[in-house]
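Input: one structure, supplied below.
Letters A, B, C and D mark the chains as written, and numbering starts fresh at 1 in each.
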Amino acid sequence: MKGKTISQIQLGDRASFQKTITETDVYLYAGITGDLNPAHINESYAKNTFFQGRIVHGILTSGLISAVLGTQLPGPGTIYISQDLKFHAPVRFADTIIAEVEAIEIVVEKNRVKFSTVCRNQNEEVVLSGIATVMPPK
Amino acid sequence: MKGKTISQIQLGDRASFQKTITETDVYLYAGITGDLNPAHINESYAKNTFFQGRIVHGILTSGLISAVLGTQLPGPGTIYISQDLKFHAPVRFADTIIAEVEAIEIVVEKNRVKFSTVCRNQNEEVVLSGIATVMPPK
Amino acid sequence: MKGKTISQIQLGDRASFQKTITETDVYLYAGITGDLNPAHINESYAKNTFFQGRIVHGILTSGLISAVLGTQLPGPGTIYISQDLKFHAPVRFADTIIAEVEAIEIVVEKNRVKFSTVCRNQNEEVVLSGIATVMPPK
Amino acid sequence: MKGKTISQIQLGDRASFQKTITETDVYLYAGITGDLNPAHINESYAKNTFFQGRIVHGILTSGLISAVLGTQLPGPGTIYISQDLKFHAPVRFADTIIAEVEAIEIVVEKNRVKFSTVCRNQNEEVVLSGIATVMPPK
């Protein structure tokens, strides 16, 4: 139960996780975070917005990136330093999202690795992108 | 149920939300995101780590920032463009976190506002900081 | 709040419980158990499998058997000794499952009762069968 | 996202998953399955029982076995044929349970593998044991 150390990670290494995001996920997430924005939990409101229906919290989706970094690459023992996120497109209820990370910079002396982080939906559309910086386990 | 438009926002405007983060929150979040990192759900493992016990997913905490932006300032109708996050310190089960946002840049012609975003625990320790860029409702 | 003692149970005694299993049940169960098998939480993956869509965790369904044994027959105070399970057919989201137990062997001197345990869906199809051995309350 | 085929599995192959089981897990599981046995959700009742407090549903713990079989060994695409379970000792709230499976019989012509399945708590005590029969993905 220990992730990869920095010497075990190569530029270009990749890992991913995917999941269908449901109404259940969104409703529980609303309770956990207090983000009761009507765009997420009020269909009467949301159907009259630009997106024409309730959408998933953008920042919920970023949790799938953390799932990959913390359980696969580098995996357990990783310390999360920073994450930049750009929200490109809405995630709708029942969309299947794949979060993929790829090692793009390795700084051995600081024990830091940068990963590009991208989330796509079932139509290969990028919904979220960014850069994560982490410290792999020693 | 409409948030503030850009003309109703001033530099220095602030809003916040706070919540005690529980074991329940963390366990539900693990299921929502698939983030089963043992640092969050395995006390036998976690007590032997640097943090000496299970900690909250760092990116769970960022949801409280989204809660402020989407429900208070600017509020409903806001479109989230980007969020940068720096993780400074762990959040432990039962910590009470306050997320605060402050308008630091207003670009009227692009309808964009930048907010500094900070999360602190009950001891005033910064656990998370960053910058959000949003489009307020028109 | 005490179940039936062994002297109050006859061969052929039956009890049952039924419930519609929802997407919510499956998603929460995935988090509780860590069973993120894509057959259960990834529709893009699951629609291309033999079952042509997400299915319920087989072992989730077995919980309805435990519900009957622990709350009705024998009821509170029962100690669960063993359970054999055969998975016959998938349970799909929104299926209504009835779990039924029937006393098939009573060993008074050991205070042990065996029950046949069967779960059927709304079309009377057997999805799960097996044998439970329990100690009724004294 | 495909598990190991039968030709990729050797006798003695092992995999495991571990998790701290919480009150949250037990309460959600009670709702999912309808197993409202007071031994699990009624402390006033449970403190006067042999176990002197609420305990985890025995059959909840078996879900960790399914998690290993369905996500690791053999992994995605596995069809669960049967599972025998023996309940040896109670699981208490906040116990950390490790579920481990080990390939003990491989029948290539039928595409069936038997695994011994054991769950232990943080004190190395066996709480659940049994045998799983599965069909690995082809």
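In the analysis below, a residue touches a chain if its C-beta (ideal position, glycine included) is under 8 Å from a C-beta of that chain, and two chains touch if they have at least 3 such contacts.
Computed from a prediction, not measured in an experiment: that's the story for all the values here.
Shared numbers divided by all numbers used gives the overlap of an interface; between chain B and chain D this overlap falls below half, so the copies present different residues. Centroid distances from chain B, each centroid being the mean of CA atoms, peak for C. Just one of B-C, A-B or B-D has an interface built like that of A-C, with over half of its contact pairs in common by residue number: B-D.
Centre-to-centre separation between chain C and chain D, using Cα means, comes to 15 Å.
Annotation: 35 Å between the Cα-based centres of chain B and chain D.
As a whole-number value, the distance joining the C-alpha centres of chain A and chain D reads 29 Å.
Within chain C, contacts with two or more other chains are made by residues 27-28, 32, 34, 36, 38, 41-42, 45. The touch graph of the protein chains shown belongs to none of the named shapes. Looking at which chains touch one another, you get A-B, A-C, B-C, B-D, C-D. Put simply, chain B touches chain C in their complex at residues 27-28, 30-32, 34, 36, 41. Contact residues on chain B toward chain A in their complex (touch as defined above): 1, 17, 19, 25, 28-29, 32-40, 42, 45, 49, 57-60, 62-67, 70-71, 76-78, 80-87. By the touch criterion stated above, chain B contacts chain D in their complex at residues 23-24, 27-28, 36, 38, 41-45, 54.
Interface residues of chain D, counted against chain B in their complex, comprise 18-20, 22-25, 94, 96, 122.
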